[in-house]
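Structures follow.
Shared between the two complexes below is subunit A, which has subunit B as its partner in the first and subunit C in the second.
The block that comes next holds the complex of A and B.
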């Protein structure tokens, strides 16, 4: 009886040890373990700061993991994570407290692509409960593909005001991408394709973002 | 002096198979295919070279990389109780660099048919082609020569051909026109065409043999050293084909019509058609079934035939060291799609080929690479748990650089690359 009990305890101890060991080895259990200690500490500090500021901290961890997967060094990873943190903070300030985590993530991408916070604020001011995620994703991509940021922001804003839906923005993006690949000037491609999207709602009387050149919209 | 040009419909077929346009943009890496087929071949009418009906086993091997391809195929026929080597073919082609969508191609082909120890026919042919390639299609023109050896019916032939192809999603459409000018040894009853004919007095009777119909309507028993009996003629083959691929299934259908003088085009070779289907049982094993009707191959003295075959194909697509891809990874992706496949589950499908390994990673995998599963030749698939919302995604081909998949918006990734951005709706 006693030996059986001892045997059971020993088995339990072995199982617990193995379980702990597996937890330590499993990357999912501690995904940041592959960072060097100082980088990891800094990243975790930023994640804590994001939590305190009620910002989504998932994008920060995700950026660190992305850097690890792409074999970036610790310094570059930290720079990238800091950049995401700042962009999320600025996105919250631009979109307001009602912005969702997805909208903040998309807005952070747009800010990192070069879109001004004031232009995001204009979009947020006329949202009327509609999700901003898709237009922000498309906006960031257009700038990445070479559309001047003022032209991109102004055009997306106009479509947004005219009631364009997510599918409209996605369709616009596909058409513009195709045109750019075919050799069309990115700015011209965007303006031409934007004209093809019919208005779906009343225009809101909000002035365009500062710095938008009317000639861009007309050309 | 009489130019020796021979009918060569076989060239039209073999060249088209060797270098269809669809291969032109797909050769980014190397691939090795091994085939083993078995089936029945029936030849209508009497042929001096081939038995009317026979069983055939056809092994084949094909290697291709970005610049060069090599293919060899053979067949063994069951004649009565004995197996005998039926035919063997070796074909190569090489491509130039593509410059502004224009590419040159050289093809060479050598083949031998052994019907019996005394009935052996050899053939050499070579051709050059110029391709004009665009994103979803292309046009080519080509010219070449055919040199039959040990064939008593024809001397040689010149071939001019052109083709057009286009890709519509998973479907490839192809059309070719092949004009063959040839000189054949005419018998007295085939010397009635409009081509230049010299006197052909008594060669048939001198040979003292019958003249079986082998397509161009010539006799194998005519002496090859009878220049006075040669006749110039021409054939034009128009052929169309459709190839369709979907995941583990590949289907191809082709058909054609031959134009030419009645003495050169027998009724059995006027039209033809065939179909082939391949079902991929695993990523490297496929069952292949084919059947249909093939036209006569005048340069080889082969008649039209009906065939049905069933076989297996083993395929291997290695990436040899030192291979330099001629296209960027994104250009190797012919389709990329993400569809809902249940609650918080997405089905990622892509057509990428020819490659050995495709991986995906993103925030939904905690940026851990996950390999896609291959179905068929170049279809890849993966079920991914992905919650509604915004996600970032990267693809990698054969361990190369991570890149954003085509067809989705992108942003810079802060690590000198780009990521694709997905917005999954709830």
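The block that comes next holds the complex of A and C.
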């Protein structure tokens, strides 16, 4: 009887060990297992909340995995994931229910870069079925590179109104990035390069955003 | 024998004597018993098998055989686990990403081969990490040619965040791609928008 019990325990121990080893060797099986239990619980709760709110939860998991890869501690990971969650929620409110997951992710990035939700709503209101992802990505990048928020938002909105396409925004980003690396003031680089993009649709007069100096726009 | 009985207590001796006394039996009793047994229906083969299976028995194995049996059972479990993917579907059902794109998915959802390049002549190893590979630095190692590191990755259309890992420690954003703002960990990541063919 005792022998059988010992064998059963040994069998259970072997199975548990092998199962654990398999899990360790296969990170794809449970990517969040490298988080400490309390952080993991909190991250999974946020992901569930995102699902319930019909928000994309992939960016939340990705942010947690990014934190793990960058050897951040659990607290910093949770803070970063929460920030993404809040930004996605605000992006949804700004862009409306028809926004795609990519648009929400890009808009969340723009919000984290400091763009106001009202600027995003303005873009969304004039989208006419066009995807917003690329202009939002470029907008967030420009602000991150030092272009004042209002100048960046105003210029991107003007181009958007003039019918600029994804390739135009990508080309603009490349040119501005090159100019900034060459030493040009980020704001001036953006305004100069934006003027090179031809209008493709009816232009709508847009009042200059606060913070954009007339001399910048004319230089 | 008699001596043995004599040495016993009188009461015990009486019991033994009574027990040894032949019991008079009816001569036809044996025949009746045989007939009753023959009258019983023979159990079917299936019932006998079930009875055999349900019958408790003790299995005695040497320790080595027990260990071998345990290893076999664990092996079956491990292989079963490997055969089932994270989403619960058997791995064999899922096609490789590229093949799935060619045969099953609409073109707008088909993965695209995207080339990532980083010029880092001093690096000894560079890998690509991002939301498409779970930020696993072992998933997409890059190959170097004269200091230029490249890798092709199959990506679904959409927005992806990524970074390069140089020498296993340094996270470097892609200088040829837009920046993903505020990663929250003190590094910069990049974004790539894999567009659908119609766009």
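In this section, the second predicted complex is superposed on the first by the 180 of 219 C-alpha atoms of A that agree within 3 Å, B and C clash if a C-alpha of one lies under 4 Å from a C-alpha of the other, contacts with A are read in each partner's own complex, and residues count from 1 in each chain.
One rule holds in what follows: a residue touches a chain if its C-beta (ideal position, glycine included) is under 8 Å from a C-beta of that chain, and two chains touch if they have at least 3 such contacts.
All values reported here derive from a predicted model rather than from experimental measurement.
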Clash or fit: subunit B and subunit C on subunit A? clash
Return first, second, both or neither, reflecting whether A:187 touches subunit B, subunit C, both chains, or no partner chain. neither
Of subunit B and subunit C, the partner touching more residues of subunit A is C
First, second, both or neither for A:140, with subunit B first and subunit C second: both
In the overlay, answer first, second, both or neither for which of subunit B and subunit C A:151 touches. neither
Taking the superposition as given, does A:62 touch the first partner, subunit B, the second, subunit C, both, or neither? both
Intersection of subunit A interface sets (partners subunit B, subunit C): 27-28, 31, 58-59, 62-63, 65-70, 72, 76, 79-80, 83, 101-102, 105-106, 109, 112-113, 133-134, 137-138, 140-141, 144-145, 166, 173
Contact set on subunit A toward subunit B in their complex: 27-28, 31, 58-59, 62-63, 65-70, 72, 76, 79-80, 83-84, 101-102, 105-106, 109, 112-113, 133-134, 137-138, 140-141, 144-145, 166, 173-174
If we count contacts the way the header does, which residues on subunit C are in touch with subunit A in the complex? 66-67, 70-71, 73-74, 77-78, 81-82, 86, 129, 131, 134-137, 158-159, 161, 163, 165, 171, 178-187, 189, 191, 193, 195, 199
Considering only the defined contacts, which subunit B positions touch subunit A in the complex? 361, 363, 366-369, 389-390, 392, 402, 407, 409-415, 417-419, 421, 423, 425
Can you name the residues of subunit A that touch subunit C in the complex? 7, 10-11, 14-15, 18-19, 22, 26-31, 58-59, 62-63, 65-70, 72, 76, 79-80, 83, 101-102, 105-106, 109-110, 112-113, 131, 133-134, 137-138, 140-141, 143-145, 166, 173
